[in-house]
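As structure tokens, the structure follows; a few thoughts come after it.
By written order: A, B, C and D. Residues from 1 in each chain.
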Amino acid sequence: MINKVVKDADEAVKDIPDNAILMLGGFGLCGIPENCISALLKTGVKGLTCISNNAGVDDFGIGLMLKTRQVKKMISSYVGENAEFERQLLAGELEVDLIPQGTLAERVRAGGAGIPAFFTPAGYGTEVAEGKEVREFDGKKYLMESWLQADFALVKAWKGDSAGNLVFKGTARNFNPMMATAGKITIAEVEELVPLGTLDPNEIHTPGIYVQRIFEGKNYEKRIEQRTVTNR
Amino acid sequence: MINKVVKDADEAVKDIPDNAILMLGGFGLCGIPENCISALLKTGVKGLTCISNNAGVDDFGIGLMLKTRQVKKMISSYVGENAEFERQLLAGELEVDLIPQGTLAERVRAGGAGIPAFFTPAGYGTEVAEGKEVREFDGKKYLMESWLQADFALVKAWKGDSAGNLVFKGTARNFNPMMATAGKITIAEVEELVPLGTLDPNEIHTPGIYVQRIFEGKNYEKRIEQRTVTNR
Amino acid sequence: MLDKIGIAKRIAQEVRGGWYINLGIGIPTLVANYIPDNIDVVLQSENGLLGIGPFPYDEDVDADLINAGKQTVSMMPGSVLFNSAESFAMIRGGHVDLTILGAMEVSENGDIANWKIPGKMVKGMGGAMDLVASAENIIVAMQHCSKSGASKLLKSCSLPITGIKCVKKIVTDMAVLDILPEGGFRLLERAPGVSVEDIKAATEGKLIVEGDIPEMTIN
Amino acid sequence: MLDKIGIAKRIAQEVRGGWYINLGIGIPTLVANYIPDNIDVVLQSENGLLGIGPFPYDEDVDADLINAGKQTVSMMPGSVLFNSAESFAMIRGGHVDLTILGAMEVSENGDIANWKIPGKMVKGMGGAMDLVASAENIIVAMQHCSKSGASKLLKSCSLPITGIKCVKKIVTDMAVLDILPEGGFRLLERAPGVSVEDIKAATEGKLIVEGDIPEMTIN
């Protein structure tokens, strides 16, 4: 098998250049590539376009990169919960492209799967449809949407092996598997790097063919946005 | 959870009417719904359109339904290894629609995923492109292909539970998961029906939402087409 | 007039056994609490979970297990995890039987507006546009009027819309209504203590009142 | 002249470490046997396996584990199983670095014909059209001439084609050639005992011979 292990996040992201297009996995703060984000804060790379379902919160996730003004543009489905984001947006310092969540997921999948365009009903009749081709199939109207690809995809998994095979945990899976397929270079950070051959081939979520670099991350905070519990 | 268990193959397929459009999982003879096919031989339903990557062999798989003249049309990517098939085809008794394998897989996925059409490079410049819309993206030519859906999808899994959640084994997975999503009624036969809650939610290949009926199959033959071994 | 819990309870009565259901954030999420135990349904969360269980006990909280509202949740026997593309394949492919979501405005032809208010920071549509464009059966949970008393059941939406001709039924603090295929809000039930006249006054869009309108029964 | 094993051995020399490779049925499958052990590659089987291992020992044969040629195979440490849509997502998405397949005809502009012979029963294209339309790097393994001696390296294909302008390199029993972007078969190597004149005589399409053409080295 091909060995894709790199030392750490710093080594993994060191060649990400200014103005790169990135994809970052995660839904809210769940399943985000915490180590890669920390490393990008250190490299100070600027002008990034970040394709990510959300934009983090003020002091965590992509929010940290917004504070340091490293992000030029966000491509997301929902960007609430972030005051600095709102400030930059209203001040015209940040571009935002809002995309329906299912369309975002499918455009990323299409990017990885070599499908340049597809039709979806989401957004038909709304401002999302502006400038897009509309076509009717079986009496229903659909919009044509195009694929999304990235220079680098940064994904976070639970377990991974040296061949880049990944297993996610719980709902931390979310956008990570599709994004892993759509990066020219895909960097996977995992909570645990396990020996080759210990992941069951039948239970791998992301085949290693999509992953170019993998490392074991450190000190995961896994911040919870809404801690809701049932009292005993 | 919703309980989808039916007694056996006979009960599962009894309402499949003449001229139904079926999808049948499997690649070659690997992962085919053996019990459902046997039950269809008994019901004697006629005029079937079968969407299946292959058409079985003379005396196994879909080949058995060809012999009994129950199949009107095959939609497949490869239909070799079947003399009766060839005879019916040359005699004009059988219609065949041949589709590139990846396009077939993606059209079935699209059918389940609510995507009426998408673009693929496969077949551009060949006779497969005849009558299809061609479009260029980033300097490369693509064909527009449409979704495929079925009245009934017949899939075979390794394990399943009463909610219709499925786990496949080895390369017997192949077309089964996509077909499970694209049937108006999806019937899953499994080697082992396990108690609800025993499948790890993180390792289920087909979520039960796609499956309407499930039963534990019997007497799997699992015929091997090419037994190739390494001598010790 | 119903409070939020009343709206949730009334919507819960619409639920049938065997359905897969997607619940939006807010009142729709509350609906889960009032579905009778003898009705087997499965709740879908668009971030990748089928079979949402109750909030976890404190010691079972897992940061890697949240719902689409980013709340920590639990799983049930038979739950399934999957990625976001698969999740919206389920939604777009028509596999989800019922979608319940909130709205800022609904029009008499079934258009819904619930994602954007001009002049305010736009947070995004999340999965709402996919849900409303895909679902066969959409119930909206909403207040009949804004805080200033303006009707939110309109001839046509004034806010940017999320989807067109998609809403099938509406449960507000004042009434249950469905939307007729040819357009128009058909009044089905009144909230306790609310008269047909009250509802007429609070509905800007075309209201259709046929025969006696019963009062809702809410436990 | 090379035999089938010779062709497979010569193609194996084209393989580089770190590549994911899809091998077609026939001679291409044999290539796997001649890739040096110190070169780490992963073989993809389009029916849903990354990391094809050797044929299994007799007692390990599993009907549920086959390759695209329907032969029983084994897995390696690090192998992955997946469905057919995912498999062709890998192929169409350009994640497979090299595709090796057989052909009945190749034209001087890189068209390939390998799926259909008019008048004969048509079995189907399987995954070949997806592979040739998607792969950046395609090597064709074939006989230079038909049994009757007719060239299979043509100006343009006479058989229905599988894909256009896609073949990058050809290894035949007589020669190694690549196809130039502007068209034409450029002769790179001769098989042992085969002269440039032999190859010229056996090539109907435009053959480009520049300088000395070395004889292949095959172990």
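Operating definition for what follows: a contact is a pair of C-beta atoms (placed from the backbone, for glycine too) under 8 Å apart; a residue touches a chain by one contact, two chains touch by 3 or more.
The shown structure was predicted, so the numbers you read here are calculated from the model rather than taken from an experiment.
Common neighbours of subunit A and subunit D under the contact definition above: B. More C-beta pairs touch across one of B-D and B-C than the other; that pair is B-D. Each chain gets one centre point, the mean of its Cα atoms, and the points for subunit B and subunit D are 29 Å apart.
Computed from the mean C-alpha positions, the centre of subunit A lies at a distance of 33 Å from the centre of subunit B.
Separation between the centroids of subunit B and subunit C, computed from CA atoms only, is 36 Å. Between subunit C and subunit D, the centres computed from C-alpha atoms are 55 Å apart. Contact of a single residue of subunit D with at least two other chains is seen at positions 81-82, 88-89, 91-92, 134.
Of all residues in subunit A, those that touch two or more other chains are 106, 109, 113-115, 120-121, 168-170, 202.
Viewed as a network of touching protein chains, the structure does not reduce to a path, ring, star or complete graph. Here the chains touching each other pair up as A-B, A-C, A-D, B-C, B-D.
On subunit B, the positions that touch subunit D within their shared complex are 27-31, 53, 76-80, 86, 89-90, 96, 98, 100-106, 108-109, 120-128, 158, 168-178, 205, 222-232. Those residues of subunit B whose C-beta lies close enough to touch subunit C in the complex are 1-3, 109, 111-115, 161-163, 165, 181, 196-197, 201-202, 204, 207-210. The residues of subunit C lying in touch with subunit A in their complex are 45-49, 54-58, 61-73, 81-85, 87-89, 91-92, 111, 121-130, 133-134, 160-165. Taken in their complex, subunit D has these residues touching subunit A: 17-18, 20, 40-42, 44, 50-51, 75-82, 86, 88-96, 134. Considering their complex, residues 106, 110, 113-121, 135, 137-138, 140, 142, 146, 167-170, 200, 202-203 of subunit B touch subunit A.
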